[in-house]
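Structures are listed in the sections that come next.
Next come two complexes, and both contain chain A; in the first it sits with chain B, in the second with chain C.
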Partner chain A sequence: MPSDEGLLDRFVDWVPTTLVFKCVASWTLVPYWARRTSVKSLPGGPPPSSRHGDNVQCMMNLIMPLKVKSPIGRAEAALAIAQSQDAIYAGLNNVGTVHFARFVIVGDNICMFSVYDGDFTNYIRDFIATIGEVFNEVVKLVEDGEKVTPCERNVEAFIQWIHERDLYQVPDTATDFLRDQEALNGDRAVSPVNDDLTLLPRKMVLQLRANKNVSLGSGYRAYPGFSVAQVRKQLGLGW
Partner chain B sequence: MVDTSTAKRLVQAIIDNLEQPVPGRRPVHTIGIGVKGEFVASDVARAYCIAEHFNGKPVRVSVRFSNGLGGVKQHDGWSDVRGMATRFHISGERGNDLIATSLGEFFVRNVDDFFEFSKIAKREKYERRPWWRKVGDLLQLKIPPRNPYPNETENVDEGALRYANRNRFAQLGIFQVGLIGAPKSYARASYHAVHTFWVTDPHGVRRPVRFSWQPVAGVRKTNPKAVPHEKYLFDELRDRLQRWPARFMLMMTIGEAGDALDDPTKPWPARRVRVAMGTLTLIKVSEDQEADGERISFNPCRLAPGIEVSNDPILEARLGAYEVSREMRGGCPFKWR
Partner chain C sequence: MFKLADLQGNILRGYTNKPHVRYLILEVVERSAARRWLADSVSGRNCVPQITSGDWGEKKPDTCFNIGLTYEGLRALGTPSASLKMFPNEFVEGMTARAVKLGDVGRSAPENWPAPFNEPKRVHLIATIYAEKVEQLDVVQERALTDVKAFKLLDTREGYNFPGDVVHFGYRDNITQPRFEGVPDSQRHPDRQPKAPLGTVLLGHPTNLEGLTWRVPQPAELGHNGTFNAFRVLKQDVTGFEKYLDQAASYLLEHPQRDELLPPGAEEKIGQGLSIEGLSRPAALREIVAANLCGRWRDGTPLALSADAPDPNADLTDFDYVGVGDARCPHGAHIRRCNPRGGQIVQRIANNSRRLVRRGVPYGPPYDPANPYDPAKPGDGDEPERGLLGNFIGASLGAQFEAMSCDWLNLGLQDPRITGSNDPISGTNDPDTSWFDLPLKSGGKIRLPGFPEFVSTRGGAYTFLPSLKAIRFLGSL
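After this line comes the complex of A and B, so read on.
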């Protein structure tokens, strides 16, 4: 870079790259700006859309904190899944709209990541119908899970409970993330507006404070726009 | 149709914002290099589009890679949009042009927007931000603006930011320009044609599509914190092609009802059907750069039967503006359909 820079210039350019600055900023600046600027948590799951392509290969990224935050709690969750493998696979086949699904333990959370076609509420409804008992076994190990089990008798509450634990999906473009914030705040202004794009980093930091876990982007798809049914039909796999 | 006077005003607006006029040269994307190659469509391409270059037979191709900045000074290492203009040479000495840049979305929707942008995003003095203002930025959790490159005294960054702050439709394009960086090689960047085109299949079905080139060698940028090199892209491409051809995949995304068909500022969702239309193989840098790098003239509206323009006002404006620019610099005319 140019040679006219002085010692202070170089120091100030270097400081933000240091762990010390990031820690101090996290303890001081982030809480300060969070108090000054209220940022609401953005809802999880894909946004509603009437377009075909938006309703196939949707992602669900469910993070459920375990009640027992120890290896024993994690082992209980692993065992609950392992004991139900046949039921889960048969249920997934019966649902018929799931491309991929897997359970993952991350820290003291049991997570379910899946890619499905169609409406989110119907997806969960189908699961309740086909593997509701498995969900009950898993959810009872999760914080606040007892409020919505058995899920067969608490269908709407269970769907809402799942939705609240489904991660916010950060859009593929940084500025669409601003549009999500504006929509949540009821800001529908059109040009001319009085935005400040230089605040985007702060807005992102504060949003990630409100939504601690997020999905980054809508994800890569090798064959976007095709449903499970279309793929299986084209490949001659039948049902 | 954008009339000739508007096309001239568009070109003049660009010329007026140059550091120095560049008579006889392109007012933007001035620095460029012509390359020869061949395109072979994929097995499925003909099922989507009847255009000749998608019928599966090898097609001779001329490509011009370029730096986006206007002016004769070459700044390969600066963060800048790069261009990849491609002519598919089809039968009857005709051509189909596909003009793409490393920018995914454009920053204005129509001609009026462009004139307003030109008024606001004028070249301004660009200096290193004083350290105490950078400290202020950091305290506000802002990222300070980058330091000027060596010999960079002016740019349009401040004006472009002012425009984006007033117009949300421009924010994505301008934000992307700010982060675009410099490629390690012209053959290691993705290029997007930003506009929507309509393609017709053998059954007469018309589909709205957008095209992108993806490098088989992968995308790679230079280190933004290192001192940028002024000139390396031409030599890198020559060296690369002497060793081995460079390849690009032509990807075509199919839009759906409700997608932004006529607005190049709006991206389409990543979930749209995406078809691999073929592979471009770049074979050698042209020996006659005057003809293949300078006088060659592209136009995004020069299309083979089977591909049509959308109602995108910017695409429509480019039809006239490119011709005006060609005439002004004495570029080589080329047969239309």
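After this line comes the complex of A and C, so read on.
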């Protein structure tokens, strides 16, 4: 089938692939767009849903920038986790709704990646109640950590602090991403104009400027829809 | 410590002798006049009804009057921004913003709420009047609205406690409330649940989660001894509920394990318990289903104590879901989902931590089972709306009301045997997906499918119930 594209169309399609354009866009165009179109940072964690399957095996991708950005700071973090590992694992077991959790150092960040069931605030609140005292030692090494420790006495602020450091989870579909943006702006109804998918690349660029790190999609699950306790019960492990 | 006289009376008292309740939903008109109104309400000056405190001395008041403020209300009064910032997120965002967590979706979604709850930012103060007679409600309302510069009445909601504390689905309600440490227990019901720490219901006191404290908005006179309330207008589909009981009874009559659920002749014992002569087998099965959905027989007898039949001599509060009590009561029963007591739950530290003071009053006309609404019948018109005006009071909306609603009522996360199902009575159910397991003595179960949503939300607001000191503070801003 012959192409309807004219020379100009092909040129316009080609320009963004050039290094010159990418540099100009990164240094000039994107900051200009961002100034013209204010984009707020989208909140972390999975979007609210009333579907049961969406409320089990939720993912938390917590990125906490260390105060000391050097191998020494990273070693302090590694040591803090190592010293408390048994207590943290025992605490997570007592929370009862955590499938998996692990600590990772990426660059000058200490990260906690976990998969949990139910509401995020309940998870973190129960986490504080079981191992808050131990976790304080880790949070103290993190930028602004002193503002929310001891977490047992700053429960609401600590939950918010964690929420702000949990990565935004880009939805699996473009329209859900646009709805997330609109929800943040307080728009109750989605207008046809805002559903214009041709604006998606631009909106995504601006959003990734506001949310530098994100989780892509809702993730793969080998056995979706089952809670920790359902799996444990089925395997005869007790719950 | 605290003095009862510094608390609003409706936090720890049920006002059981004042069956008529009216809610005035108010919007601040002029900030200064509204503040003056609040200052006057503490002592009942200048015609403004006096706030009823927790200590009413020798003489019981003829009527009771209490208030709750929304976040928008606190803002409208000019509460300092430093204080406003200290209120918890869920209160700041308001009930409509938390709709998905609360299961307010579909027809319960805030978009479908009628006025005045369709404009949540205008709902500033909810005043509640409790009285023996309706005329008294009118008198107090008139006094409350005397100063037209203070508040504008957006609307009212009114309820009436039916005789015997029966509510629309035919259950006895208002049976039990948490007992609190340091608070005299006037009812002195035996109760196997531990006394709840005062921080369960008042800000500034130890909570049930050891070592955890909730943030108290400052200055202390504003936040200390205050608490939060989830006010809910919950419409009940009584016709639908009764129809479902018929449907379930028919299903069970054909079920191969029906005799294990209802041994031949056992209907007589159920009839005796409910004072119904000659109770038929289908009617007995209806009552069994109703009892299992709730966790109590309709007369209030807990299934954990008496699973075979209602027992007028059974204690209504002194039971637990351990041992035989665990096996007798369905894991998904309404009262067990709301409060699993000492029973095994997934969130091991959460037992007894999400307890709430519940104050509910039915609204709308009582359902007449002899004359049920039938849309096909000429003259029946629209079915009158009926339901419950509910108040769910606790020091942390997030840790108590929302945690209970989200993970326990609407997800069933607390027990793997019910995870993925909604509360059978108050949950957001769909006949295509809903299910509920009736336990059998053999250890087996019969799964009931196909029940619809019996309760839908028709409005509500998160309010802060300030102490008397706090009302004075707000009045003096």
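Rule of thumb we're sticking to: the second predicted complex is superposed on the first by the 211 of 239 C-alpha atoms of A that agree within 3 Å, B and C clash if a C-alpha of one lies under 4 Å from a C-alpha of the other, contacts with A are read in each partner's own complex, and residues count from 1 in each chain.
Here, a residue touches a chain if its C-beta (ideal position, glycine included) is under 8 Å from a C-beta of that chain, and two chains touch if they have at least 3 such contacts.
Computed from a predicted structure; not experimentally measured.
Q: Now for A:S50: first (chain B), second (chain C), both, or neither, which partner does it touch?
A: both
Q: Count the residues of chain A touched by chain B and by chain C, then name the partner with the higher count.
A: Of chain B and chain C, the partner in contact with more residues of chain A is B.
Q: What is the contact status of A:L199 with respect to chain B (first) and chain C (second): first, second, both, or neither?
A: first
Q: Touch check for A:G236: first (chain B), second (chain C), both, or neither?
A: neither
Q: With the two complexes superposed on chain A, say which partner A:G225 touches: chain B (first), chain C (second), both, or neither.
A: A:G225 contacts both chain B and chain C.
Q: What is the contact status of A:D117 with respect to chain B (first) and chain C (second): first, second, both, or neither?
A: Touch status of A:D117: second partner only.
Q: Kindly classify A:Q160 by the partners it touches after superposition: chain B alone (first), chain C alone (second), both, or neither?
A: second
Q: Just to be sure I follow: which residues of chain A are touched by chain B in one complex and then by chain C in the other one?
A: Shared contact residues on chain A: 50, 52, 56, 225-226.
Q: Which of the residues in chain A end up touching chain B in this complex?
A: 1-2, 4-6, 8-9, 11-13, 15-16, 21, 25, 29-30, 33, 50-54, 56-57, 172-176, 178-179, 189-202, 205, 217-221, 224-226
Q: Under the stated contact criterion, what part of chain B meets chain A in this complex?
A: Its residues touching chain A are 105, 128, 131, 134-135, 137-144, 147-150, 161, 164-169, 171-172, 174-175, 225, 227, 254, 256-259, 267, 269-274.
Q: Once bound in the complex, which stretches of chain C touch chain A?
A: Residues 88-89, 100-101, 103, 105, 111, 209-215, 345-350, 398-399, 402-403, 406-407, 410-411, 413, 415-417, 419-420, 428 of chain C touch chain A in their complex.
Q: Which of the residues in chain A end up touching chain C in this complex?
A: Residues in contact with chain C: 48-50, 52, 55-56, 94-97, 117-119, 121-122, 125-126, 128-130, 132-133, 152-157, 159-160, 188, 225-230, 232-233, 239.
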